[in-house]
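Before I ask anything, here is the structure I am working with.
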């Protein structure tokens, strides 16, 4: 079996507890995605307990989609815990180009050296300080245009940077991988990108981040391909996607993964 | 083609960014409804950034279902931005009859002249100062009983007022339209009314509010009719409803719309 | 007809307004569960209005899954209202073993004598002060191990205590019931346990809590059994589960309930 499926097998064997401080739109579907994939999700955000909880988790995800100042501080607390403990954490800079508040928080989060930064092309460009303002959460720029920015951001921060798009791009600044799995209906279901952060975090537990990230993207995109076979639209696609995350075997993932060196 | 479908066609051609400050129950389904229909949703509520974000959006929706004082201030900020910029914004006075806090906030929001006010009969009656207390978010009063209140409210505020029910009623105070599309399972799926606000806002971008609102109601109700054909209950109805929002063509909407002058 | 179905029949006849202060992950699915089952859900949490709203509701549920200090105070306010009015309220101590903040709040909520406390084995053990720390929201301990703790907790608090698991256990400290309905996919859909709290609360309106709780568990588990017959995975299971909650008749519930005296 090629490596991709092994990451899924290992993740399911441990069912790691993944702590998520994410946006309100994503919370339910993200928890369902993680359960279907085989991980154990938890959402905890109050500063009175978030850092204490983070220390119990194997990995953390931080998503700034619907931040406010109190949540921002909890994100920083928890990211600091994970950085101190050497555990993986994933940062999703949703809509970072849209407001100054997001930009300021993102700078502070980047200082805590996320294991993985995942966003669309506009977000990665904005984060790297190279792009113009995106419009909200859409990907107004192509993945290709963001590749240079992704490499520079990875070198500067020490993070693995993943750019989501029709073909995903993953880099640690020197090496790079492309993942060609996915389906056109995925952007038509809200928060599937946000939910992916949790799967990346779960795959990174105990594994090298660039390969684990690419494996998570391949597994996720492959579930999209399976779901797309019978879907009538975004409603039935979402249902079939959760079923596929649950049903896919490590062997099927290894056979279907389209990961190549960039 | 009759006008109803043209509103859908225009909306999809632009895929307008719709900023929503809505309740926690509605957020995920509302984003999925807007994506399926063809718009671009975003949810942003922190006062530190909400007004800045609103200025990037083509339209705004405000829903007081799960308000707290901080969110209330952000709603007022953003509604003020839209009023100043002359962009459409939709106000949904969820459960306004239930508490004094909701009534006070609703008065302040009405002062900012929403483009459209949409609610059930009890909510519109409470808002117009004519009705008794509703019990939470249910429609304890009939649409017919609310029509006089709706006309008065529209005249007083300058808003288009839409009363949701088995047959919807839309008025700007002088003219009025009825929309007879819909399905009996729609009230059995939570937040479909809340999600409709976003579709109304998207249809109002660049179009006159009374006609755009009626067209949005017809499109939405027609998707319900399509979904109801194969649904086994509220679970499968919701799935089919998202598929139908995505699949309906402008031509099908024009053919199936049941909009009449009241 | 045996009693179990009668609880469902009575609940649907009244469609009681159930006030829920629950976690962000659960809100949408919980509202859909309550609508499908035949109750009227509402989510209200701001301290400026929550107690006023609680007084309009027939029952309350409190769930500490994603608490913060402001929500905690609203929970205490509303639980106090229900205790004063003699109306049922259900407490779900999600992840109580994980942090000190949850433990302190849970002690204060228990002082307000919940009608029903529902949790998994780890949570009930932690709450009774007998168990070690759970890891987040998982059930690391068996239901059997929690039975002694449940009886002690019930005697100490005066609450009915329900332990969820493959076979549920319900006790008021002296008597006890077991409910053997359910399906293996239920823990693979997020927040189905949280949503169950609302159904328990709705069944408790006007009925004795131990029997009503067992009836709610049987109805809920039976819907899971129906859903499991055609489900391809957790996505299609959730859809079919909502359909089944809506379609199950009181007669079918009485025929399929597996409630026994422990």
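A, B and C are the chain letters, set down in written order, and residue numbers restart from 1 in every chain.
Convention: contacts are C-beta pairs under 8 Å (C-beta built on N, C-alpha and C of every residue); 3 or more make two chains touch, one makes a residue touch a chain.
For clarity, every value in this text was computed on a predicted model and none was experimentally measured.
Annotation: the subunit A:subunit B pair of sequence copies touches via predominantly different residues, less than half of the used numbers being shared. A rotation of 120 degrees, rounded to the nearest 5, superposes the Cα atoms of subunit B on subunit C. Centre-to-centre spacing of subunit A and subunit B amounts to 32 Å, using the average Cα coordinate of each chain.
Counting partner chains per residue, subunit B shows two or more touched chains at residues 24, 27-28, 238-239. Interface residues of subunit A facing subunit C in the complex, by the touch rule stated above, are 17, 24, 27-28, 31-32, 35-36, 40-46, 48-49, 52-53, 56-57, 70, 238-247. For subunit A in complex with subunit B, the touching residues are 23-29, 65-69, 95, 98-102, 135-138, 187-191, 232-236, 238-239.
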